[in-house]
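Below is a structure I'd like to ask you about.
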């Protein structure tokens, strides 16, 4: 199935909701504006459509496999990676000192949507490289930066994240991999599980970032350090030389993303180099977490977009039923198919505007000269991150499933391609912190820890938007009503958790996912309403493409009428507390 | 040698065109626009000429509303050195009108070679390059699948009905690119960034002293007659039977 | 007013595209003059003179016209243009080469690839690779147009007796030099004028496998065509390409073998009167346009087909 980047919607969100030009101007990037972004997105879209998208099915059918010399990637992937890296796409947000373009994170996010839509299994590889670059860029010393960053930014090498172990999944305190000092470096020993793109033959070297314990480390999460372990040790010129003692032992057999090798990695006295300070590894991981988790949330958007394009095409082509004049009816005419397509389209637009607005908060926090302003944006970024990760990836399950439903029997068989998106999407609420972990983060660190202040600030802004709608007055009353009800649900849920968490020790844990989902729909609805306000202003002024803008008003209306009411169900569950959830004994379950 | 290459902004090759309900034209609202694929091949060829040392400067020109700057920028990112935007709101200029504007740009710029795509995939006219050559009284080579600059000549292999023809044109000359002249490269991100600093001059039909001229009036646009699928046959014998007895084409 | 039609030929034989172009000219109405420009092309002029309805055959016979160079033909046509309201040529690579040059030298527009005559100054022509049909009206004093041969029937070739008038002027451009030509020699009919076309796609698998299609074509007296994918894969030479960027064909019967049916290919063949498709993939889009579809492996179906006709 082909893929075309929905650049009009992205361009609209960047220009009108994110205020990309304003963001760049405030940062002093005079030459960077929405026009340049459009050119960049257009070229990325071309590479995505023409090179990466055609390999998506190939990679699903002929996944990565173990060969005698290590992992062999799917057919065509090496050439595609070469084209991708040669075109400089890995360097988009990297600092200029290391060969990067230093473009805003929100533009990088918009571009990354293309890679993940075109071929998510492929795009995981550069996504991991970006994570590795961020870790090294923020925390490694200058010597390590100079050795590794330019090669990673040029795509000549790729990066990985080695965190999980057999007994240490969500519980990082249980990490056992050891690192012992040996002169100017360390020797790492242990096994790491589920290492994405842990091995392949696409590049000359692979830079593993590994969490391990030093001999004198304190127990628990306060005793974890971060190391660089290259597949090939660097020679005096900084080029790959001797093979390091890090190997992929086996590959996982998975439900989806078959082209992305998921490796069991073995380190046996592998040479590693400490990143930053000893025992600070987890803190370093946390600084990367906003970006890493938002990247996975973005995958939820991207795969839903791909599934939507497939389903839409099918709905236009598939003829079922006959009119009186004998002509046949494409299923897109049927109201229930419309319901599914509109659910997909409106949710995807809500996911996109949230992903881009959240990504822009990272830019605003970084570019702000006033520390108070920077702190405010960083707090908002922190609130958005678990929502983007949790809500977008959970919603992707429903949307890719709808993609299959629209195709009917053709969706369930593998030939149409819809099934692959559904299988590929299933990992998203699991890796980089499960939905449960996101929800606990949201309720605990992002809400209870600051007594709900950051969430209150968000709800206050939403109230302002509701007030604007009332005063305009907005053309669709149902939008105003649904949005006000959803804001009220969010306000009440917040208050009930603040009031009840102390008394009911299971409340935060049992209500957290519903609380997170409530805020997902609410944030999505809020940003859709803000998009619709902008679209209406443009229509009034006779600017832009009226078809696109009036469609935005309608998708917003659909989202508010049909999706926002889900906040009510979430609220009911939050208000019900934990009693019935926890009442059965383990034996009764 | 300076090479001038002209590019047109058209509906993206991958977009399925639909005719407007009122049959006034095709529906271009809300569709992806790109550089015409044949123009893109012309740009690629001009950049290769520069990379091989045969050309010293590549100038890209496009005619239309502000949005065509996107296509000029794209050509600059592909390697052209500077751009010329002929500003006009008229998006339905005839091939002759475009050729007249380009001829004036050529007279100003004095390139040794002008490269164009053989046709635009919207109007499918296949005429602008030939008209430009005629207006300039320059030699032309259309449907180029191979191009080599040899001293004061350019040798061009053309894809013609039934085979290939090779011509040698004394420069300056006009060449139009066919599909197999080259495969355009994917544009690199650093080159997009560099392109924003490349000069882009603006001119207009008035500044070029080219008037509107006569036109070809578009009376209406209709969709092509839809072809419906027929029947599936079970065997070769059934197929032959249908072709012989039902369709009577064998 | 009269119409000037420029004949397409190989100096020995008149190409059928001219006959279809003359049909378009007949529909416009008016006296028909036909220019035969070539080198040693008297036989062509004689053939044109025998076409009913032709008033005058203008014969420009000179070495300068041996390779139909646009610079030379265009100037010749412009010299002969006065007195003609319409100037028509087939929309072949030759016609497409010199006709816009003629139009520009006359200071008028060119209407490319007309597929229907609506009135003396109004025509239909495909745009967007045939995904839309435009009706256009020309406001110029002289109408220069190229004609899509497959859209018009052929006129009769016998019964006429037009006068042949030599054209002494010779136009020879000095800045264009013919170097070489390599034309594919074939006994098969021309792709764009064949009554039956057998066409293969990527599904055929290799250049060797195309032999099966040639065998079928020879049995049927058909021309062989191919998709862009098959051409790009090197199975056949590129002048066999049918589609948006290749040739447009409209035979009585188009047999599509191992062709999935990308819209770019359909653009070049969907005007065929009858389409038969053989493909092993039952979901291939080609079946949505085929009158007769056979889901079968082409390596078993083609030999059977060859044997049964």
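First chain written, first letter: the chains are A, B and C, and each begins at residue 1.
Keep in mind that, in the parts below, a residue touches a chain if its C-beta (ideal position, glycine included) is under 8 Å from a C-beta of that chain, and two chains touch if they have at least 3 such contacts.
These figures come from a predicted structure and were not determined experimentally.
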Count of contact steps on the shortest path from chain A to chain B: 1
Chain closest to the assembly centre - both centres taken as Cα means: B
Chain A-chain B separation of Cα centroids, rounded to whole Å: 39
Whole-Å separation of chain centres (CA-atom averages), chain B against chain C: 21
Mean-CA-position distance for chain C and chain A (Å): 54
Chain C-touching residues of chain B, taken from the complex the two chains share: 11, 16-17, 19, 26, 94-96, 99, 121-135, 138-140, 142-143, 145, 153, 155, 158-170, 173, 179-180, 214-224, 227-240, 242-243, 247, 249-250
Interfacial residue positions of chain B with respect to chain A in the complex: 12, 14-15, 29-30, 32, 34, 69-70, 73-74, 77, 186-193, 195-197
Footprint of chain B on chain A - complex, ascending: 2, 4, 7-8, 31, 35-36, 38-40, 42-43, 46-47, 49, 51, 83, 86-89, 91-92, 101, 545-548
Residue numbers on chain C that touch chain B, as the complex places them: 67, 69-71, 74, 92-94, 96-105, 107-113, 122, 126-140, 173-184, 190, 192, 196, 220, 228, 238-239, 244-245, 247, 252-253, 263, 270, 273-276, 278, 287-296, 301, 304-305, 308-309
